[in-house]
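The following pair of complexes shares a single chain, chain A, combined with chain B in the former and chain C in the latter.
Right after this comes the complex of A and B.
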């Protein structure tokens, strides 16, 4: 390999070590997100190799499409289906592990055999190809839109078909048309006008205090009593609402003072 | 003459080539400038927002409070570093780094000025000039999203996870509109290199011929940087702090740094693509010296500050969008509009390239196309509104029919009840072979007769 530069050789050795470590990590990591990240590392290294060999456009597209879009969607799905999802290490097919050993050995022999008999041509590089169109992007465009035009268009048609198919499969007709914000608001006022118990302004926020700031902590009304509407009905139903003794108003008779002065007064349950 | 290429101190040849030295100097200067700009922008934002809200804002540390962000930075660095127990530690550690490094990297291809002389050597004020500079920025920013998404995932808590998912969806959707708006510029400039695009804007800035691309880019860049009114991933009213809720100390500072550097990067990209890059604005450009030497850096910085001001202005005035409205804007408005616009741009470019096209023909064609475009938009809007009113009418009719149809036998067949409809009680026929039914699927005859309904 006489015509690789020093920089390229250096990049190759650094990049190949990182990408092999990434590939090993992909296989051996137990958490699926770690595996996805290792795959990203491998892809980034691949992009660097493309760039080092003069295929700048390909390198950048590799990052944008594979790392930026495809792996991101993968991660998106992984995050949606479960934060804690770990791969089960139980064999689903009996004897799978033992069967893997001869197959791996056979594959290794095939690889070695092919590599030993391969008749690799002289190393050409991308300079001549890039110079043909006056730059990497231009020469790639010339090829894509002349010689490989048909393949390019067909692959885009396949992609569009699959996207449309996914949309058709996941599409669901609504049984009732969606109500707009305006209609919901009008409806709410109508119900309120009929005398129903509806909150027009939205429900009050939960309470924010020095020691407690969470959805299970009720806000206090001006008279010091906890506001029932400020806590979710589910929490009220489970009876897990963090309670406050009604605070005495200034000037009122201090009958609750002994409880309120205790440090953990806030932890008592409300009995409503 | 080897000494011309190497750095020579007092006659001693260090064998360090000048191009290497200049690159190092430019890189360090760029890094320092970005960090200082971040400190400045935080102060600028706080002061401008206070001014808009008729407050005073930080005014204690340093003149006019200018050193406030420095003091805050020191404070942030000295805070306790908390790692949640549920966190995935390596990823939790990696995420802020992944978010900050691409933010710095993206800036490398932005041209700050034309050729200048540093230590007697001619060089352009740009760290690297890649032939695919703009795509490089897209690539690097797509790596930067990983920082946010992984931060959300690795925190091991719900709000950050929701923030991370939101931000990945948001950035993927807005990157499409962004890429399409770039495509118009590529068609006009005939190149993807940032310096080439600036050079192609010598006569007119692209914001004039490509105004729609420019507007779409400006909207998309606000979405891309997670800034108000598109700051859904860190919506404090809904998600506490979003993806960085669990982060403290320097890790949080890195996210902060990345956000402000991204702000500068997308603004610089907008300037480079649509606002003439480092070129002087019109009245100044009449002076021939305005686009030479170090002056262009001033124009660039002024444009940059104007953009930052606009970002702050948006934050000070606009309420946050709801998530579905935000997605609707991205997918149903920005992407279709930019697709149609791109088609128009391509047609105009092709007509120009063919050569038998002069201004006298081009202007009426452009006007006609623009009129057609507006007409199509209006027609679509009218159709949408008709659809909505038709829906409402049919909904009213359906509701009326449902209210009258008390038995739930729509059209003679028993159908599942619609919301708000009571199904008439149907007395089930007793099963002929109750025992068999039980043995067949393990249900009692009463359960079987109730048809699964309780």
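Right after this comes the complex of A and C.
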């Protein structure tokens, strides 16, 4: 079984190009969410490769565990600690990035050279091994619960330990009692009484319009200018606040133009 | 096509993952690159399993996935707790043990 069929050849070349592009995207994309999407692409391609190579169970597990659970966890943590956190360009070790490229390239060439020079045996294929137990899943189960029984037990211990560890690491003991809404309000009025600039009523909601109805659209103040405070500070920091362009008022061409120009000025203010 | 090409692909993916670990500074991206390296190793395991006609390689890849899942859970918890104290997800900022 020296060669694969035409279908698998086609799958391999398409999938390998996509997965290498995905890996490059993972390394070089600026936004972390894009990097996560690229990694998802690579993992899906690998799942197809597993299935093409007779490891059907592993292919399904790859999709369920990696692209399902693990990437979900990554995106969840991204959401928690902020998407806007950019890579710092300061190098702690000087010239590390530029040195890393030739070293990694050399490593890759060594790895490929080892494969190229290794005396690899002819491919046997997994069909016979799969058929022995009556299917891929059954054969894997036979191995897992006989030869690899001990490793299987230990892996369950690893999973329990990691779940406990995650809970311990992210747990935070509350040292002061949680403030009630009433206490927060009283505190706010006290600060206002001392002359601090506090909004007593709470911050305004984002705008609700026929065109956009989203948290990144600022509400309009009575004079027509967008309100900074109505948009989440994270969105303002990430500079993704949607501008608002008011529609021209019917029957008032001159005033409408004035309103529009004022609206544009407001947009610039928001986007800054 | 010779099925050896899967091995070359896994070598290339592993190398790209290593490159990402070395040149990126964001802890989450570094972590994702490590996942890429683990996946590349899994691909090699599955290919070797097919080469030898034995399912042991697939069982090992399965265990790799289990360990990777555990590692992701603990690693992301560490990243979150570092972020809470240092307000940064950069791997260079967590350097208190140095002093």
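As a working rule, the second predicted complex is superposed on the first by the 154 of 272 C-alpha atoms of A that agree within 3 Å, B and C clash if a C-alpha of one lies under 4 Å from a C-alpha of the other, contacts with A are read in each partner's own complex, and residues count from 1 in each chain.
Methods note: a residue touches a chain if its C-beta (ideal position, glycine included) is under 8 Å from a C-beta of that chain, and two chains touch if they have at least 3 such contacts.
A quick note: this is a predicted structure, and the numbers were derived from the prediction, not measured.
> In the overlay, answer first, second, both or neither for which of chain B and chain C A:166 touches.
second
> In the overlaid three-chain picture, which partner chain does A:37 touch, first (chain B) or second (chain C), both, or neither?
first
> Is it chain B or chain C that touches the larger share of residues in chain A?
If we count touched residues of chain A for both partners, the winner is C.
> If you stack the two complexes on chain A, which partner ends up touching A:26: first (chain B), second (chain C), both, or neither?
second
> Of the two partner chains, chain B (first) and chain C (second), which one does A:191 touch, if any: first, second, both, or neither?
Touch status of A:191: no partner.
> For A:68, select first, second, both or neither according to whether it touches chain B, chain C, the two together, or no partner.
The first partner, chain B, only.
> Taking the superposition as given, does A:80 touch the first partner, chain B, the second, chain C, both, or neither?
In the superposition, A:80 touches chain B and chain C alike.
> Which partner does A:57 reach: the first (chain B), the second (chain C), both, or neither?
In the superposed model, A:57 contacts both chain B and chain C.
> Can you list the residues of chain A that meet both chain B and chain C?
Comparing the two interfaces on chain A, one with chain B and one with chain C, the shared residues are 57, 61, 69, 73, 80, 136.
> Flag every residue of chain A that touches chain B in the complex, lowest number first.
31, 33-34, 37, 40, 44, 47, 56-57, 60-61, 63-64, 67-69, 72-73, 75-76, 79-80, 83, 135-137, 175-177
> Over in the complex, which chain C residues touch chain A? Could you list them?
Against chain A, the touching part of chain C is residues 1-9, 11-20, 22-26, 28-29, 31-33, 35-36, 39, 42-43, 46-47, 49-56, 58-59, 61-63, 65-74, 76-81, 83-84, 88-90, 92, 95.
> Help me check something: in the complex, which residues belonging to chain B touch chain A?
The contact residues of chain B facing chain A are 88, 90-91, 94, 130-132, 135-136, 138-140, 142-143, 145-146, 149-150, 152-153, 156, 161, 164-165, 168-169, 172, 175, 192, 391-392, 394-395, 418-419.
> In the complex, go through chain A and note every residue touching chain C.
Residues of chain A touching chain C: 2-4, 8-9, 12-13, 16, 19-20, 23-24, 26-27, 32, 35-36, 39, 42-43, 46, 49-50, 53-55, 57-58, 61-62, 65-66, 69-70, 73-74, 77-78, 80-82, 85-88, 90, 92, 96-97, 100-101, 103-105, 107-108, 111-112, 115, 120-121, 123-126, 128-130, 136, 139-140, 143-144, 147-148, 151, 155, 158-159, 161-163, 165-166, 169-170, 172.
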